[in-house]
Structure formats: C-alpha cells, structure tokens
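Provided herewith is a single structure, encoded as structure tokens, for subsequent inquiry.
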Amino acid sequence: MKNNDFLKFFSLFALSVFILFILMIVMSIVTNISFETFYDSLFSKEIQFAIKLSLETASIATILGTLLGVPAAYALARYNFKGKDIVDSIVELPVILPPLITGFALLVFFGNTVFGKFITENIIEILFTYKGTIVAQFFVATPFIIRTSKSVFECIDEKYELIAQSLGSKKYESFLDVVIPMAKNGIIAGAILAWARSIGEFGATMMLAGATKMKTETLPIAVFLNISLGDLEKALAVSLIFLLVATLVLVIIRSVLKIGENNDRL
Amino acid sequence: VDNTGAEQQEVLHAYVGAGMQMPMDEIAVEFEKKYGIKVEYDYSGSGALLSKIVASNQGDIFMPGDCSYVYQLEDKEMIKECSNVTKHIPVIAVQKGNPKNITGLSDLGQNGLELALGDDSISLGKLFKKILAKAETKGLNITKAVDTNTVVTGATVKQVLLYVTEKNVDAAVVWKADAYENPDRVDIVPIESEYNIVKTVPISILSTTENYENSKLFYDFVNNEGKEIFEKHGFVALE
Amino acid sequence: MLVIENLRKNLSNFELYIEKLEVKNSDYFVFLGLSGSGKTTILEMIAGFIKPDSGKIMLNGVDITNKPINERKIVLCNGKYLFPHLTIQKNIEYGIKHLKKPEKKEKVDNISKLLNITHLLNRKPERLSSGEQQRVALAMALVMEPEIILLDEPLSSLDRLLHEKLMYDLKEVHKSSNVTFIHVTHDFSEAAVLSNKMAILRNGKIEHIGTLQNVLKHPQNEFVAKFVGIKNILYGNCIEKDGNYIIQLLGFEIPVKEANYGEITLGIFPKDIIVSKKSEKDSKIYAGKIKSIVPSGPFDSKAVIEFNNIELISEISNSDLLKNPLKKGDSVEFYIDSISMIG
Amino acid sequence: MKNNDFLKFFSLFALSVFILFILMIVMSIVTNISFETFYDSLFSKEIQFAIKLSLETASIATILGTLLGVPAAYALARYNFKGKDIVDSIVELPVILPPLITGFALLVFFGNTVFGKFITENIIEILFTYKGTIVAQFFVATPFIIRTSKSVFECIDEKYELIAQSLGSKKYESFLDVVIPMAKNGIIAGAILAWARSIGEFGATMMLAGATKMKTETLPIAVFLNISLGDLEKALAVSLIFLLVATLVLVIIRSVLKIGENNDRL
Amino acid sequence: MLVIENLRKNLSNFELYIEKLEVKNSDYFVFLGLSGSGKTTILEMIAGFIKPDSGKIMLNGVDITNKPINERKIVLCNGKYLFPHLTIQKNIEYGIKHLKKPEKKEKVDNISKLLNITHLLNRKPERLSSGEQQRVALAMALVMEPEIILLDEPLSSLDRLLHEKLMYDLKEVHKSSNVTFIHVTHDFSEAAVLSNKMAILRNGKIEHIGTLQNVLKHPQNEFVAKFVGIKNILYGNCIEKDGNYIIQLLGFEIPVKEANYGEITLGIFPKDIIVSKKSEKDSKIYAGKIKSIVPSGPFDSKAVIEFNNIELISEISNSDLLKNPLKKGDSVEFYIDSISMIG
C-alpha cells in the first residue's frame, strides 16, 4: 500500500511538528533550571501555599461552574426561545475576552457599581481575597462547561427522557436519572477543560484578587511575581511545578475515569 | 484557605510596584514584629495598581515606582498623605561582561546595537524620553539613533530587563534596583550624571483607608526603618 | 377504551389527521403503514411525547390530550432506547422505583420469567441482541401495569428466526395480561398474526380500519389492496342474473356471493389465480398465456399470465412447477379462487 | 404540565444567571466610558493600527493553525501508535499553560536555545516583530483546531473513505474529496474558536513580540498599556472596541456560514 | 473468478474462517447469515477495507489479498454511505472523475436511465428515500464497470413494496451487465430470488454452499435446515426394501427416491405436511391430532399436530381452513409431500 500512504505520512508529520514544537517549549523551561532551584521552590512555604491555593480555587470554581453550567447548557440544548442565537454568543464572550479585560471589568463591577458593591459589602468579600480568585476562574471556566455539556445534551436523543417520563418520572427526575448519567462523560470532559483553564488563569485573577503573597498567590501569579523580581530561574522552576501539578492531576483524573469505564464493561 | 490566623488581626492592604518586592517583603516582616499588624502587598505594575485603586475604591497604602502616579490620584482626591522614600535611578543594563563595551548613554547610539526600552506608558519609558531630551540640550544628539536601535519596548520594567538577561538584546534602560537583583546575568552601566534624571519612589496613604492609624504607623515605618532596608537592596535612600 | 377524535398535527410538509378512532380495552391494535406515513407520530401523540395541534385523546372517558406524560398510564416502549447506563435489572425497575425492595424484586422476577430474560438481569443494554432489548423494553412497560402499552416497530431489525419467536411471545404476553397493546409496523404479516384490529395509514390518514378478514376481503381502496398484497386490480360490473350475483369482467362472468351494483373494482391475490385444468369448486376455467415467470421466494414463483389483453399475476408453487414445468409462451388454464371487493 | 416544569424553570434560571453576570460585566465596561473617549480611541491612529494588526495576526495564526492542525487531528483520529494517549495530552498543554508562562518559554526558546536562535537569525525574525505575535497566537490557538477537528473526524464513519477508495480514489484523494468537505463545519467551528482565542491572546504575545506601539501593539496590549498608564477610561474604551470588533467578526462569519448552509439545502 | 482460500480473521471474540470459496465471473452470489455471522467482515475483506490475518484472495488468477483498495476493480456499494456533500450526479461521477466531461455525462445518463434515477440527479443524498439511495449506490458502482460489485444488505430497511421492486430491479441489472454481484443478506427469500449460488454463514464459518434447490433438498446440517424454514426435524433409518428405498421413522415407513443408509436426519417444511384425507401422489396417509393452531400470516396458519408422540408443524392455508375448520383437539389426517435429507 506504499503508493497510497502519502496521507498517513503527511498527517503524522504535521502532528509530529506540533508535538516537537510543544516539547521544545517545555525543554526550554526544563533545561534552564538547576535541580536545586527546582527543589527549593517546590518545598518553599510560598510555593506549597500556591499549589494548595491553585488546586482548591480551581476545583471550587469548576464545581460551581458545573452546578450552574450544566442546567444552563440543558436549557440551551432543549428549549427554544427568542434570541437564543444571541444568548449562545453571549455565553462565549468570556472565552473571547482577554482575561486582563475580564478581570478589569470584574473589578469595576465589584468595586464601582451599586449592585457589585452591595455584594462585596454585605454578602461576600470578593475583592483581594481568594474568593475573588474563584469568581474570576468561575467566570472564564463556565463557558467551557456550558459549551461541552450543551453539545453532549444535543447528542442525547430526547426520546430517552420522554420514555423515562412515560415510565412515570417527572421531568426533573428524567433529567437527573437519565440525562445526567448518560451525559456524564461529556460533562466531565467539559469540567476537566474548565479546571485546566481555571488553574492556568492569571490575568483576571490578578486583577480581581490581587497578587498578595500567601493569600491570593496562585501558581501563575507566583510565576508573575518571580518574573517581576527578575528571578528568571525561579520563575521557570515555578512554571515547571505548575506544569507538573496540572498534568499530574489531569492524568490522574483521566485514568480514574478510564478505570471506571472499564468496570462498566465487566 | 484564609489562614490569616487570629481572626481579628489587623491587616493593611498595600499596593506596591512589583519592582520593590524584595525590600518591601522584608519591611512587612519587621513591621509585623514591631506592631503586630499584618501588611498584605498587592504587587503589580504601578499603572495597573493605579487603575486597580480607581476601579476598586479600596486599599490603604499605595507605593508606585514614580511620583507621577500619586499626582494622578491626588487629582482625584484619593491621597491623604504622601512622601518620598527612595530614589529610582535609571541605569543601562548590559549583558554580563559587557560584550558591546557600552560605557554610557552616548554608546546607545552605536550602529547596530539592539536596545530594549520601556514603553511610554510606564514611568521608565517616559523618563528615558526626558533624559534623551536633556542630553540633546547638552549637545548629545542620539535620539534618532536610539530610536533606530530600539528593537522592542516593554510594558513593564521587568520585561525590558528580561530581554537583556535572556540575551535577546544588547542593552536596556532599567531601574538600578532591578538590575541590581541580577548580578550574575547583567552588568550595570551608569548613565552619566550630566544627562541623568532621577525619580523618587513615594509612599502614600489612600483616602479609601478604613484604618488611618495603622496606615500611618506603616507609612512612618517605611519612611524611617524602611530606608535602611531599601539601601540593602540597591536603592538609594533619600535623606 | 381509547378514543381519538379529530386529531390533527402538522409537521413541516406532513399532515396527520385522524377523524375518529376507538381502541377497546385489552385489544391488540396494529397501525400499519409505509415509512413516513405517520405511525410514530400517532404513537407519540398518544404517549404525550408530542402535542397535537388540535383534537382530543380520551382514555376511559377522561380527556388526556394535555396530561403530563407521566400521569397517563400509557407507556411507550422501545428496545432501541433502553437506558444505557443502567443494568437490565435497573432498567426494568425504573418505572417502579418508588416501590419497596422486596416488592420490586418480586415484580421484576415475575416479568423476567414471563419474558425469558432472567439470565440477562445483570448485563448492560449494549450487551444484548436487538431481540433481547425488545423483550426488556416490554418488561419495563409491563411491570408498571399500565392501561396501554405502545410498541413502535418492536420486531423490525430482528432476523427471521428471532422475529417469529418474539412475535408469538408478544401474542402470548398480550393474552396473559389484560393490557391494551397498540403496535406500529410496516409488516402486514405481523399485523395479520397479532392484531384483533388494524388500521392502515397512508400519508397521515387512516385508509382502512378493520379486522384481518375485513381488510383482505374488502380493502377500502386500491392502496390498501396493494398494501395487503393484491397484485391484480380489475374493473367490472356487478349484475343480478338468475338470482345469483355476477360480475361481468372483460366479457367473462364471475359469480360472487355479495351484491354490489354498478362499476366496481376487484382485487385478486396472486395466490388466488390458480393454474390448473380443473377447478376444485367448479369455478370457471380461463385460458391464457405465460408472459414471464420468475421465482418470488424459495417455494413460489411469480407468473405473469396474459389473458384477453390484460396481465394477471399468479403465484405458483415451485413444487407444482416441478410437476408441470411452465415457461414463457406456454398456454395455461387457470381459475380464480377468491375475489376481493375494493371500495 | 405545570407540576412538571420545575426542570425548565430551573435550567432557564441557571442560564439567565450566567447571562446576567456576563451582561453586568459588559455594562461595567460600557457605563464607565464617555462617548467622546470611545470616539477618540476608535479613531486614533494607534488603535486603528492595533485593530488592523489584531485582525491580521489572528487570521494568519488561524490559517497556519488550520493547515497544520487539521492533518494532525486526522492522524490522531485515524491512526494508532504507541503513546497516543501521551501525544493527546501534550497537544493540550498550550491550553493548560498560562499564556504568561508560554510566552516566557517561547522567549527562552527563540532567544536562548541553539535551534531557536538559528531560526530567528537565519530563517525568520520572530522576536519583537508581528511575526512573534503570530507565533504566539498560533501556539495557543492550534490545540483548539486539533481538538475540534479530531472529534469531527472521529464522528465521520471511516467507511466513507473506504468506499471512496473502493471507487478508485487514492487515500489522500478520499481525504480531500470526502473527509474534508464532510468535516467542514466542525473544522470551521474549531477555526473560529482558535481565531477568538488568538485575537484575545495577550500574555504570550507581549512576551514574544513586545508591546511596541505601531509595531506589535495588538488590541489586548493596547488595553494593557492604557491600564499601565493608569488611564482607566481609555483602557475600558479600548476593551469595548476589542469586544465590538471580535463580536462583529464572529457574527459575520457565522451568518455567512449560515447562508452557505441554507444554499446547500436548495 | 474470485477464489478465497484459508481466509482467516479474528475480531475480539469472533473468528471468521473460510477454507475455500469460488465465485464464478458474472455470477450472482449471495451470503446468507444472521446478524453477527460475519457477512460484512467477508465483504470488507474482499473489498480490501480490512486485512485478513492470513489466507489468500485471488481475482482472475491474481493475488489481490494485499492490493490497495482502489486498484482491485472491486467496488463495495452501500446506500447508507452516499457522500452527503455531493449531489447525486456528483456521487455517481465520483468513480469516473478522471474522464472527460461528455464521456462522464453519457455514462451517468445511461446508468441513471437503467436505474430509473434520472429525476434525482440534482438532489443531495439526504433528500432521497432509502430505496433511491440504494439505487444511487448501485449506479456509483456500475458506472465504474468493475469486475465485482459487493452489496451489503442493499434491500434491508426498505418497506415491503419497495423491497420487491428493487429486488427485481437488481436481478435485471445484473442480467444486463456482466459484472459479478456478491450480495449479503439475512433474508432467505432474497437469496432464493436473486442468487445463482448461495453460502450460508454461521459464526464466521460457511455451513453450506449451493444452489437454492440444493439448499432446500440437502441442507448441510440442522442449522441450515432451520435457517431455510424447515420446522420439522426427525431422525430415521434408511433401508432398502423390494428395490425401493424406505425411511423407517417411528414405526412408519416413508418411501424416498435416494438411498442413504443408516441413521439419518430428515427435515420437512411445514408447507409439505398437508392436512388432507387423500394424498395426491399416493403418499401414505397418517392420522394425528391438532395440538394448537394460530395464524402465521395473512393467508396461512401454523398447526401443531401431535402424532405418535412427536409434534409436527404444518402450514395450512386459511382458505382451506375456511372450508374445513380445525380447532385444538380435532383429529386430522395428513400426508407428507416432500422430505429433505439433512447432512
């Protein structure tokens, strides 16, 4: 089949080029760090705090985003209403907006508008706290959950729900009993994406929560502070730590899910 | 997450130019030792901090890299008190070993030299424009040549410096304190004093402060004990 | 009793309209129709999955047209839509999940035995064959003891042997419960075997409602006639002659039992045109010529007989052909065993 | 159906909450700008340049990303090889990495490694030019194209290709004649996503290309520079311009595609 | 001639193995088998879509086992996989896109007329019915003038009337071209009508290869017998008696034409157990009792007759039943019209 394999060759070549490009970037990071700097950074109190904070805020933002985003996605997938096209586009805005602008607008909203001020003063202190980090991450991450969940919901034949109702379920029961479990994998994929986006979020976070050490310092902010310090090597070391933590978590989640899937098949 | 410890501990929120992390972190430790008041720094570029203050209407202390930012807030009546702490001295940062043999401002016009400068929107960029203008009045006409040599302008001082440490350019104009933090990667070439203009780093109490007494304590602490710490980190304290 | 009145539904360029339809309790009712005739649409309106544009659906005297799906006591079951994330056990339990555990277990056990799916209870639906999936869907519906079970082509996509088995099982299950079954299919022999009564749909309209005998003997129109397998459609005159009714057809006279004066349309099944020299019932013998003959299945062939300038299609069993071989151009004698009155 | 409509109510409510949230953010931007500032910004030479540069670089980066990403996605969808799971994860790295770190690593790569230096010195000048902007955008945008195209390719039954080959086509012909046209909509959706991501890209762009006025100043960088200046209103005005330009382009693309689709149906 | 030798393919827990198979040029060959028996797998190996694990496929003496798909002169056509983005015209032209325009046009025109799809040429595939889609797929293949056309269940999912029409069309098209057709189906009557030769597959193995007559009269084993519709399977002894061959079965003696000594398995089609007082061919008359009787289609019923402690299944036409009604418990006389030898 030699004369036919040009396609295989070319497409694998394209893939390799991009992979190599990424690997070179990663290598640029790795080769510029001494083991000592890496070790010291990893076990410094500040970075340990940043790791913990990053994991916690990203997870909370993802959970909140899932709780709000999944029903919202369902509404977009199943119901027709006027201006649905526009709503669809609005949902995507946080993806298009540069995080810097997002964070800035969030800051104006919470610090300078009546409604926003009311929230910060009476309900929950958002500015310059880790809660601000969560709000910023939630904002940029939720569209990913909505978009992914929506396309999964659209893939699930509505008949499953109708049949569940035919078998005596109320609508919300058929949603919880049937749609959610069937959409599970898609929702999780969206949540993983959202989580990855959250943990890497920097611009909006820095604006809304500030770059305060041991308080609102997530890993990307730690990188920023080290760059600001001019401590290149440490910045790279923290970058690498970020890379390792994020990748590790994603690999673990994915393999846990895979094991779950295989069990299903037994 | 919020492990501030004692719940009622008093906390100050201070916006500080990201270039002053080293001395200011040390000051916070000393200050807390002495008064038991915690200071939280929000580090960023001075302009970003300024925008943040206006946008959020919150905070106690503002310490940008340059007085002009404080003046802008004064116009908005957001400054309660202000004083200068240290000098910010522009210098030329060159690659370690000074391979292009740059000795001063005049060498920045050399043919083929690659130069990184601060953008006009940050204080360093604005200041350097003024320095070049001052040099013109003293007979050193290199504005055009410098313009040609400028391959990149950065949006933060650190970014500008980074291009030197990463050997992307031959030289950059940065604050002395920034260059000082990278002794193994850059050499510092001073700008001749006849041309140079020195900036002062101010500290100010914001009118949005909700705890004036504590703010004032910190303000005074930086102005006294703080100066010594700044000198330790390559700043030149004001008398 | 399920009563449908003036039910109307427009879907893009398709219109469904049912003036009147009654399905008695415990009946086995079959809707027959080609693809796109509106079978699924009717079922889904009865189930409440889609709303009619106008008209009424009444169950035992209660108007259920706008009742929520889950309160209708009407269950639509479909083997293609088992819940993929649940085991068969859980699928069957789905409709009775509010019951206590032992009660649930008993019901599921009973129904599983009835439908012969006990060995499948721990599997997931994807690991079942289509026939097994249909059985499970039926179990899911039966276990709820509804008034009506709706079946959307439950036997399609099964292979031959399975098809027959499940068809007789359906008949058995229906007999042993007293639930009304409404079944939708495009397969006439399915309807013949299963239904007490059938309705033949075309293009969103019911063309004929009746029992099997009624459909075979008195198809409402030519479409129904063709649908049930009548391949010969002829036009004749019915007159009375000597106290007997006779249809005059192209110069010949065919005696019939029932009177139906004037020009009428007649239909003859291929199997009722019998090539033979001798009529068993003293029917009249005609002479014709074989125009073509091709196999129509493993045991029968289809012969086109030219007779008096018209073409008649006759089914001849291959075993008869073995005894008396026929080929194109041969002259044959034949008689007509039975005639259907169309209209 | 009243008692059953809790699901509809709740899911539409969730959607509204998120939409409102976004709208408030947008309002925070809009209400803080005077018309004059907006007008002046829009027609300033600098912003006009930034608009043009943003549109150009994002478009070029998207085209390059499509040319490389689509074949790469095909390789991922159709061929099996060792370590495919790992390759799959590597492709996603640029999505996880905060742009700041990405830009930083790209800078190190092009400025400080043998291979990177070779490229910049001999092939194409990447540092501090608009080409650097394109490289940075290409890097962060391509994974979106790969991911979206891959899932479309996986949706397309391989039998179409095999049948095309059965009808005499070579493999690459069946790819070009059959797979690409069938995947068209998915590929375009991915490209739109990539374009949106590119035009909003800030961190990596700024590091690699710098923030040089009238040279490498894209719209997000213009926002940042104005924030640095402390000119809040102008920063917000430029943000709004960015929002309008990006939304306008996306709406135009989408409606052009819709018209195309309808024509297909005629 | 297509020759397959020792072809083997393992797919998860399914194994396909064909020792030897020959398909003559211009034949119409049908693979018959239930779902999952490996029909598609065989076709796709012949087409080159999947590679065999071992074995050889030869076309006209050339080993094509590893030839690229596009060089085999074998086309797999499938109405479910028309190119959705192309018009029907472009779909049909796909395989001859290298030809000049007028030449292309002529070929497409001819083939479209033959298959009666001229009016569809400007539509997109989604706007065609399944029957039309199948026709188009056939046109796409025919226009290339290949050696072999492979058809994967081209008639499934068509409704009754369409099914019959397209089946006869396929037969016509095959006759008028001299391309080899290899057709895969689970429908025995399709095979009966279309094939010169058929192979019955089970579980990846060929159980029987032969003509229709051969399959009916000498099914290789009980599976094949059941598959072709034999419902009565009996075990008897064949002996010679007075120069005639006789099968001794449960105390009775059935005369047969062929000798086959020892214990043998016999099969009787339901239609060949004829309830009648008088044999037409002087076959022996047996006496039994009706155990149950249910309709098996619009015209026939299935009667289970108890006879000498075994159960025989007989098909009785409803018109006969009308004349002589039968019910459970009735005594009947019957004769056996034809017997198949299994094994």
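Quick notes
When the chains are written out, they are named A, B, C, D and E in that same order, and each has its own residue count from 1.
The definition used in the following text is that a contact is a pair of C-beta atoms (placed from the backbone, for glycine too) under 8 Å apart; a residue touches a chain by one contact, two chains touch by 3 or more.
Since we're looking at a predicted model, the values are computed, not measured.
Note on connectivity: the fewest chain-to-chain touch steps from chain A to chain B number 1. Compared with chain E, the chain whose C-alpha mean position is the greatest distance off is B.
Looking at contacts between chains, the pair that accounts for the most C-beta pairs is A-D.
Between chain B and chain C, the centres computed from C-alpha atoms are 88 Å apart. If you average the CA atoms of chain D and of chain E, the two centres end up 55 Å from each other.
Multi-chain contact residues, meaning those touching two or more other chains, occur in chain C at positions 68, 70.
Shared interface positions of chain B, i.e. residues touching 2 or more other chains, are given as 48, 51, 55, 156, 159, 162, 166.
Among the residues of chain A, those touching two or more other chains are numbered 3-4, 104, 108, 112, 165, 170, 227. Against chain D, the residues of chain E that register as touching in their complex are 44, 47-49, 68-70, 72, 74-78, 81, 83-86, 94-96, 124, 140-141, 144. Of all the residues in chain B, the ones that touch chain A in their complex are 1-4, 13, 18-19, 21-22, 25, 40-44, 48, 51-52, 55-58, 156, 158-159, 161-162, 165-166, 178, 181-182, 185. Per the touch definition, chain A reaches chain C in the complex via residues 157, 159-160, 162-170, 177-178, 181-182, 184, 264-265.
Those residues of chain D that touch chain A in the complex are listed here as 3-8, 10-15, 17-19, 21-29, 31-32, 68-72, 74-76, 78-79, 81, 87, 89-102, 104-106, 108-109, 112-113, 115-116, 139, 142, 146, 165, 170-172, 175, 193, 196-197, 199-203, 220, 223-224, 227, 235-236, 239, 242-243, 246-247, 250-251. Note for the complex: chain B touches chain D at residues 45-48, 50-51, 54-55, 69, 72, 116, 119-122, 150-156, 159, 162-163, 166-168.
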